[in-house]
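Letters A, B and C mark the chains in the order given here, with residues in each chain numbered from 1 onward.
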Amino acid sequence: MPGRGALSLVRREGCWLGEFTAMASPCQVLSKADRAAARRQLEAAAAEAWRIEAKFSRYRDGNVVARINAADGGPVAVDDETAGLLDFAAELYRLSGGRFDITSGVLREVWTFDGSDRLPAPSDVRRVLTRVGWNKVRWERPLLTLAPGMQIDLGGIGKEYAVDRAAALAAAISQAPCLVNFGGDLAAVGEIAEHAPWRVGIEALDAAGEACRRIDLARGGLATSGDSRRFLLKNGIRYGHVLDPRTGWPVTGAPRSVTVAADTCSEAGMLATFALLMGGDAEIFLSRQSVRYWALR
Amino acid sequence: MAVTERRRKRPARRQPKLPANVAQGIAAATCSLLGSAAAAPVLAQEPPSWKLDTALLYYGEADARVQDLSLNVLARRLYTDDRTLSLGLVVDALTGASPTGAIPQDEVQTFTRPSGEAVYSVAPGELPLDDTFRDTRYAITASWEQPLGRLYTGSAGISFSTEYDYTHAGADFHLSRDFNKRNTTLSVGAALARDELDPVGGAPLPFAPMTDLGDLSSRGSGSESKDVIDLLLGVTQVINENFVVQVNYSLSDSSGYLNDPYKILSVVDPVSGAGTPRAPAAGAEGPLHEYRFESRPDTRTKHSLFAQGKYYLDGRVLDVSWRYMTDDWGIDSQTVDTRLLWPVGERSSLEPHVRFYTQTEADFYRASLVAGEPLPAFASADYRLGDFDAITAGVRYSRRLDSGNELALRLEYYRQDGDVPPEQLIGNQTSEALYPGLDAVIFEVSYAFGF
Amino acid sequence: MKRQYRPYLLALATLVAGSGCTSLGVEPWERDVLAKQEMQLVTAPLDAAINDHIYFSKEASSGGRGFGGGGCGCN
């Protein structure tokens, strides 16, 4: 994987493979177009990924998220793109019955998922929980007002959004089949190669790198949510890192990993996230929605 | 990870209070976010784990000879890491009749059936045919193939077939190794088979005379068996991006009962070449001329050299192969097989095919035995051991259907033309009358699908 | 791989290499065409088996490409 800011483009069997690093993930653009078009698709996808990362990452100073998180109770005017993401987050909060909440990030002040057995005290969790809740936010486009002490984190929607945006740019450059893969979140665009789809593997839980399920993706989005890597373990009970913002505690009974196929990567990503938030009801939820999914326990 | 998870004690589980169709809500929200018209529907599915090839074959020879109708199925299951299980089934129904090895004569000929329970007659000038073999054969195969480490692939298989007078059981093994960035592959293989024959009426004794009805003095008792060992050494080499070749050497060793229990030779007069008359016993029915059952050696060693090349040019694939075979029965053969796969549009292809075959006769092949002469060590009049050329010509049309499955039709014509060497013709015998020749049609419908 | 067999495998590999085979071939990423279904040495295994059986029954030669699936009392 090339270092930050670098692009690599090589020929693989039947396609061009472009690679770069963004959003702390290995990113790939696979294209069946000719070399020149594949190069342009790679550059467009990388530029878009870096742009979105710079604009919405909570680790960067001076971007719109940093300004919102530093506003300390005051209103912040946001641009159209940010407003679109906030509308999206608001709708997801409503659709999930409060389980998906971009203000839940502050819970990481008391939860550290390092594989140890250090659980936070319930009083600490209750204390932080007072600063969590989209219902405490005033969102009147284009003004966003958080209560003092609240923070927003777009990490749960940013990567899939970047995949869909990059894929749209790639599709505008060439109609040949193209697959965008940002760290396991995928979108396939372009002509359908119905009998030569992209062969994607879902990683097995125990042996990282060894695909345990094969999926043929001809068009659409594929996203995986999982908590196999970050967790706490105490008294034989495993606490996954997906937190329920209504209680401040980890969701129980969720599958280790959920992969969903949907028309876009954002849609697939949100369905997978919602499923994990449903805990033990993940599979029931997904089958009721009539979506294609693969859940590993 | 053997870890248990206990639900934390909390009030009775709340039912998921979510709007009825969350997925639609998410889809609508995504549309607004991405600012695009509704995205095209997703196409994602697991690749079929089973692949099934099926084919219905009709093989028919002209002049009321052999007709064969068979159903063929090959099922392959792909597991992770390129491991494959293959299961095959063939059901083969044979009808019609095939030449017995007796030659046409100017008089009516009568023969005793191999069962010894009936006779049949053949008009003057007609080629004697026997239909005793008509039957249904069932064959199954099973094999397992998997990589052994990074560069080796191994496979092992078994096969079994049964028909009313013949049973086969066999096993085979293969090992191959890649070299040179997988441009070169060496392979070795071995196969063992044990076949049992239980001919109707009992296996005839070599050169025994054909007897009257009910007279089994020419028959041995019980069944006979045959063992076959095959060895193969092969090299596959990628020449360039569009060209790959394969060369194989194989050795085949058979031992045991190698005769065809239903094949006979006519015994003829040394001067006229006409059949030697014979009278059945008083009150019995039986042959009106003398015939003897054939006799072949009880071992046979074959060597073959096979070479194949596949060349890709502009979407078309040319496949040419050549095989040379020689054995210790004195038979030499050459086969040249060529096909050209020609794509037609996006989904179909046409594949014309031509095959040339030529073989020399076995040392002990003869059209007939001469009365009064001492018997040779071995003799057979089976046209398949004679001197002939054959040609197959046909075309295969295949089409990929909407479902991704493939349908194919194949129609071919197969013709054998041979002759009896002049020095073997006796008296008034002519080569055209003696050597049957063969005209056949091959028609196959096949369907391949996965699930 | 036992050490005692290594020399034989090496000898074999040398034979192969020495015969000029190392100059032939393609890089892994040049296998677009070779990977196609229609470029496999046996594209339709069922058809190949059917043909092998027909010619085994009507001619004195058999095999060459591989092993036949099994014998028969073909007359």
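The working rule: contacts are C-beta pairs under 8 Å (C-beta built on N, C-alpha and C of every residue); 3 or more make two chains touch, one makes a residue touch a chain.
Model, not experiment: these values are computed from the prediction.
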For this session: With centres defined as the mean of C-alpha atoms, identify the chain lying farthest from chain C.
Result: A
Problem set entry | Identifier of the chain whose CA centre is least distant from the whole-structure CA centre | C
Exercise. Is the C-beta contact count larger for A-C or for A-B?
Worked result: A-B
Exercise. Rounded to the nearest whole Å, what is the centre-to-centre distance of chain B and chain C, using the mean of the C-alpha atoms as each centre?
Worked result: 18
For this session: Measure off the straight-line distance from the CA centroid of chain A to the CA centroid of chain C, and report it in whole Å.
Result: 47
Problem set entry | Whole-Å gap between the CA centroids of chain A and chain B | 56
Exercise. Do you know which chain C residues sit against two or more other chains?
Worked result: 28, 31-32
Seminar exercise, completed: Within the complex, chain C is touched by chain B residues 53-55, 57, 59, 70, 72, 74, 88, 90, 92, 98, 133, 137, 139, 141, 159-161, 163, 165-166, 168, 170, 172, 179-184, 186, 189, 191, 193, 195, 197, 226, 228, 230, 232, 235-242, 244, 246, 248, 250, 252, 260, 262-263, 302, 304-306, 308, 310, 312, 317, 321, 323, 325, 327, 329, 331, 333, 335, 341, 349, 357, 359, 362, 384-385, 390, 396, 408, 410, 414, 416, 438, 440, 442, 444, 446
Exercise. In the complex formed with chain B, which residues of chain A make contact?
Worked result: 84-85, 87-88, 91-92, 95-97, 161, 164-165, 168, 192, 194-195, 197, 199, 205-206, 211-222, 233, 236-238, 249, 252-253, 261-264, 266-268, 270-271, 274, 278, 280-281, 284-285, 289-292
For this session: Write out the stretch or stretches of chain A touching chain C in their complex.
Result: 10-14
Exercise. Once bound in the complex, which stretches of chain B touch chain A?
Worked result: 1, 3-8, 16-19, 21-23, 25-27, 29-30, 32-36, 38-47, 80, 400, 404
Problem set entry | Contacting residues of chain C [partner chain B, same complex] | 12-13, 16-17, 21-22, 24-28, 30-34, 36, 38-39, 41, 43-47, 49-50, 53-55, 58-67, 69-73, 75
